[in-house]
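As C-alpha cells, here come the structures.
Next come two complexes, and both contain chain A; in the first it sits with chain B, in the second with chain C.
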Partner chain A sequence: MTAATQAADDLHATQRAAQARRKALAPWLLMLPALVIVLVFFGIPTLYMVRMSFNLHIDQRLYVPGFTFEHYVNLFSNPLFTNAILTTIRLALIASLATVAIGYAFALLVWLKPARWRLLFIGLALAPLLISEIAIIFGWWMFFPKNGLLSYALLSSGLVTEKISLMYTEFAAFVGLVYVTLPYCFFILLSIFDGIDKRLLEASADLGAPPSRTFREVMLPLTWTGILVAFSQSFIWTMGTYATPSALGPDTLWTMGFLIQEQMLGKHNWPMASAFAVVLVVGVAAVMTLTRSLQSERTSFHV
Partner chain B sequence: MSDATHRSIEPVVLRVLVAAFTIFIIGYILVPILVTLVMSFNNAAMIRFPIANWSARWYADFFASGQWTDALKNSILIALGTAVISTTAGVLCAWAFQRFHIPFRDMWYILIMMPLFMPGVVLGLGVAIAFGGLSIGGYAFYGSRELVMVAHSLWAMPLVFMLMEATFKTIDYRIVEASHDLGGGPVRTFFEVVLPLVSTGIVSSMLFAFVISLNEFVMALFLTDRDTQTLPVLMWLSLRSAGTPRLAVASVILALTVFACLTIIMLWYVRQLRKVSR
Partner chain C sequence: MPVTAVNSALELKNVVRRFGSVVAVNDVSLTVGKGEFVTLLGPSGSGKTSTLRLIGGFEELDGGSIRLNGERIDHLPAYQRDTATIFQSGALFPHKTVAENVAYGLRMRKVAKDEMAKRIAQSLDTVRLTGLENRYPAQLSGGQKQRVALARSLAVRPAILLFDEPLSALDLSLRLQLRAEIKRLHDELKFSAIYVTHDQGEAMAMSSRVAVMNAGSIEQIDTPETVFHSPSSEFVYTFIGESCCLPVRVTTSAIQDKNGEEVGLVLAHRPGEGDCRIYVRPSRLRLVGDATSLPNRLRARIHFIEFLGDVYRYHLKSGALELAADHAGAIGRNVGDTIDIGWRNEDMRIFR
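Right after this comes the complex of A and B.
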C-alpha cells in the first residue's frame, strides 16, 4: 500500500466518520427548539414549583427560602382548602358525566344522520372549541341573570310571571363547564363511532332486538373504551378549568384552580399557590394513569 | 301482546327523542354565540333584555379606546409569535421523529406531549415564579410578550407536533429518495421537496397555534402586566368589575379573527386540491 492511497483511505475514513457523526447529531439538532421549549419552560418551572411549595411564607413577602411541609399540612387540614379540593372533584365528576352523556348522544346522532348533515354538525361542534373561554363565559353571563335573555324569554312566553335569575348558581357553572369540554368529548366519541360497521345495527335489528337492546348489547360494549377516554379527558379539563365555574357559579364555589390564582395574584403567597398546583398536577396524573390501566385491561380482555 | 305494542311504540318515542335532542344541542351551542352577537349591537350601556335601541356605538367605542385596541394588538402579536415559534419547533421535531432513529423515543414523545395535558393555571404559575424575577442585561422576562409567546407554545407546540407527525406519515418517500439520488442534500430536500408536500399541514398547524394563543387567557393573566395584557385578559378583568356591551364587541372581534384564520385554511386547502387535480 503506497503512502498516497493510505492518505486517501484515511481521508475517506475521516469523511465517513464526520458524516456518521453528523447523521447521529441531526435528529438532536432538529429536536433542539422543541426540547428547549419543553425543558426550559416546562421542566425548570415544574421543578421550581415543587421546590417553591416547600418554601416559607412570612409576613407578606412572596416567599422566604426554607423547608417546611406547612403548606401541604395546611392544604389537607384547613377546611377552606379541603373544601376546594372536594368541590373540584365533585364539579369535575358531575360535569364530565354530563359531558360524556351529551357528547355520546351528539356523536351518535351525527353518526346515524345522513352524510349531508355531517359537515354542518361538525362545524357546530367546533364552535365552542374556537371561541375563547372568556367569550363563552360572557355569553352565558348575559343569558342567565335577571335581566338576561332566559328570564326575558320565559317571561314573554308566559311560562313564569316574575323575572328569574339562574346566575351564580351551580347549574350555571355546570352549563358553562360542559359547554367548554363538550367538543373534545364529541370528537373523541365520533372517531370511535366512525370505526364501527353500521351493518351491525341492521344485523341486530334483523335478529329481532329493539333499539334499546341493540344500544345496550352492541353499541355500549363497542364504544366502552371511547367513553372511558372521553370521560377522563373531560375530567382533566374540568379539573383545570376554573374561570368558568368561578365566574358563573356562586361566590362560595371555590375550586383548586381558583385558589391557585387567589393565592398567587391576590394573596401573593407563592409557596401556597405552588403546593396547590403540585396537588392539582398529581391529581391530573393520577386520572391519566388510571385511565391507561383501565384501557389496557379492557383491550387485553377483549383480545 | 305487550311485546308487540312495545315494539310499535319504541320507534315513535325514539324519533321524538332524536328531534328533541337535535333542537337541544343546536340551541345549547348557539345560545351564547347569538346572545353575544345581538348584545354587541345594543345601544344602551347596560346588559339587559329586551334591547330597546340598536347601534354600532360600542364598536366605535372599542376602536376609539386605546386600552382595548392595545390589548387587541398585544393579542395578535403574541399569537403571531406563538404560531412562528411552535410551528418551527413542532415541524422540525416531527421530522426528526419521522426520519431518524432516536434513542428513548417514547420518553421524548411523552415529554414533548406532556405540557398539553397540564392545566393552564399550573403552566402559568410555574413560568411566572421561575422567570418572574429574572432579567438579563436589562431585559425583564416578566410582563414581556416573548415570555407569553413561549408559554403559549407549551400548548401549541405539542399540537403542531402531533399534527405534523401524522402529516409526515402520508408523504410518498420515494419522492424524497429521488431527490437524494439526484444529489439533493438533506437540507435542500427538506426545504424544496418535503415542505411543499406538507404545506397544507403546516398552514393548518400554524393557524391552530395562532388561534390557541389568541383565545388563551389564564397563562396570559399570570404573565402580563398593564402594558402587555391581551384582549381575553382585559375582558376577564373587566368582567369582574362590570359587564358592558363593550365586552360583547370584544368577544365578536376575537371570534371574527379566528373565523378569518379558518377562512384562510379553507382557501388554502381548496387551492391545494385544485393544484392536485390539475
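Right after this comes the complex of A and C.
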C-alpha cells in the first residue's frame, strides 16, 4: 500500500468518524427545544418545591429558610393527612378501574363497528377535551342537584318517587373524575385495538373458541399493555386533580390536592404543602414504575 | 327426513346472502365429496369469499342451507362448526409461538396432553416447519406464516378445510412452491377442501373440480380440464385462459366488422345471420406453415410485436377487429406486413 492511498484511507476514516458523531448528536439536537422547556419549566420548579418542603414554618410566615424533616413526620403521623392520602388513593383507584373498563368497552365497540360509525364515536370522545375542567364542573352542577337533570330524569322515568340530589357526594366526585379521564383512556386503547388484525377474532372462533375464550386468550393478552398504560395515565390524573373532587364531592372529601391547596392558601404553610406535593409526585412515579414492570417484555408483536 | 348422501362432506343448497340491496351470493348449490378439493374461482366481487365465509360461520345466511357431513350447520356459530379456515393474512396469534398457535384449536377441543404434543409435531412436520416451534409469527417469513396457518388448521382435523386466498399475498415463486405443496398434502392426506382464488393457475393445478363464479352464482362446475376445454358460457370462456374477442356481424353475403366493412374472415361453419362474438385463444392460432390449410382463417396486418419470453406475441388488426397470436419463434415478418392466420374448429367459440 502506498503512502498516498494510506493517507486517503485515513482521511476517509476520520470523515466517517465525524459523520458518526454527527449522527449520534442529531437526536439530542432535535430534542433540545423540548428538553429546555421540560428542564426550565418543570425540572427547576420541582427541585425548588423539594427544597421548600424542608424549610421551617414559624410564626405564620409563609416559610423560613432552614432544614427540617418535621413536615414529613407530621404528614405520616397526623391521621388527618394519612387519611387524605388513603382517600385519594382509594378514589383514584376506583375511578381509574372504572375508566379503564368503560374506555375498554367503548374502544372495543368503535373498533368492531363498521368504519362509517368511527368518526362519530371519535367526535363524541373528543368533545369533553374541548371543554375546560371548570366548565365541565358547572355542567355537573346542572346535572346532580335536587332540581337537576338527573333528578328530573329519574323522577319522570319512575325510578324514584321523590326528587333526589347526588350533588356533593363521593359518587358525584367519582363520576366527575371518570368523565375527565375517559377520553384519554379511550384514545390510548383505541390505538392499541387498531394495531390488531380483526381476522384474529375469526381465526379464534374458527378453531373452536367461544367469544369469552377469545377475549381471554386473544384480546386481553394483545391489549394488556394498553390497559396498563391507560390505567396508569388515568391514575396519575385522578391522584393529582384538585378541582373536580373538591367541587363535586362532599366537604369531608379531603384529597391530597385539596389539602395542598388548603396548606398553601388557607394555612399559609408552604413547606407543608410542598412536602405533600413531593409525596404525591413520588407516589405517582412509583405507580408508573410499577405498571411499567407489569408490561410484558415484548411490548409489540408487530414487526 | 331427507337422506343425505353419506359420502358428501359439504352440501350447500340454494344459499343466498345479501348485503343491503346487493345479492352477494345468489342461489348457490354445491356439493363437496369426501376428500374432494373444490375451488371457487372468480373475479373479485363474484361472491366466492362470501360463500366461504358463510360456510365458516362468519356471515349469516339469508336463505338456503348448509350441511356438513349430513348435519345442518348454518344455525351454528363459527366456534361450533367443524371447519378450519386458512386466512389470506394467515391470522396467526402474534402473542403465541408457532407451537402455541397450532395447539390453540386442540386446546379448544380438549385434546389430551400427549395426543396434543403428537399432533402438533405431526402437523408441523407435514408442513416442514419442525424446529421452529418456539418462534413467534413476527420472526417468520410470509411463506412460513402460511405454513403455520395450514398446520394449525390441519391439526384439528376438521371435516372440511376452507382456504381463503391463502397465497395471494405471497410473491410468485413462493406461491408456486406452496401451491405444489398444498397439492402434495391433499394427495397425501385426502382432506376435503374448498379453495377460494382468483388465480386460475392455482385453480387448475390443485382442484378436483373448479366452480367458476360470477355475480354471486356458479356459472360452471366441473373438472379443470372440462372447464378449460368446454366452457359452458361466454363468461367462463373469457375468464379461464387468455382469449381474443372478434365482434362481427354476419350478413347473407359477408362477415363485417362493427363499422360495416367486410373482413377477410373464412369460417368452416358460418354462423347464422346477425351480431355475434367469435372467441379464439392466442396460443391456439397458427401463424405460419399450415395456417392457410386450416378451416378457419383471417388475413390481418401486424400491428405490433411483443417478446414475452417463451413466445412472441403478434398483435394483429383486420379492419376494426383486433387479436393476438403467439408463436414460439420469430416468424420473420415485420410490423405492417399482412399475414394469414388459421385455427381449428375446436379452438374457436361463438357466442351471441
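Please note the rule applied: the second predicted complex is superposed on the first by the 255 of 303 C-alpha atoms of A that agree within 3 Å, B and C clash if a C-alpha of one lies under 4 Å from a C-alpha of the other, contacts with A are read in each partner's own complex, and residues count from 1 in each chain.
By our rule, contacts are C-beta pairs under 8 Å (C-beta built on N, C-alpha and C of every residue); 3 or more make two chains touch, one makes a residue touch a chain.
In this text, all values refer to a predicted model and were calculated from it rather than measured experimentally.
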item: Three-chain arrangement built on chain A, chain B and chain C clash or fit; value: fit
item: Touched partner set for A:I58, first chain B, second chain C, both or neither; value: neither
item: Between chain B and chain C, more extensive residue contact with chain A; value: B
item: Touched partner set for A:P210, first chain B, second chain C, both or neither; value: both
item: First (chain B), second (chain C), both or neither touched by A:L159; value: neither
item: Which of chain B and chain C A:A115 touches, first, second, both or neither; value: neither
item: Touching partner for A:L222 - first (chain B), second (chain C), both, neither; value: second
item: Closest approach of chain C to chain B (Cα atoms, Å); value: 7
item: Chain C-contacting residues of chain A that also contact chain B; value: 210-211
item: Chain B-facing residues of chain A, complex; value: 26-28, 30-39, 41-42, 44-46, 48-49, 52, 102, 105-106, 109, 124-125, 127-128, 130-143, 145, 147-149, 151-152, 156, 179, 182, 210-212, 236, 239-243, 247, 257, 260-261, 264-265, 270, 273-274, 277, 280-281, 284, 288
item: Complex contact set, residues of chain B against chain A; value: 6-7, 10-11, 14, 18, 21-22, 25-26, 28-33, 35-36, 39, 46-50, 85-86, 88-90, 92-93, 95-96, 99-102, 108, 111-112, 114-115, 117-123, 125-131, 150-151, 153-154, 157, 161, 186, 211, 214-218, 221-222, 232, 235-236, 239, 243, 247-248, 250-251, 254-255, 258-259, 262
item: For the chain C and chain A complex, residues of the former touching the latter; value: 56-58, 77-80, 83-85, 87, 89, 91-95, 104-105, 108-109, 136-139, 152, 156
item: Residue numbers on chain A that touch chain C, as the complex places them; value: 197, 199-200, 202-211, 213, 217-218, 221-222, 298, 301-303
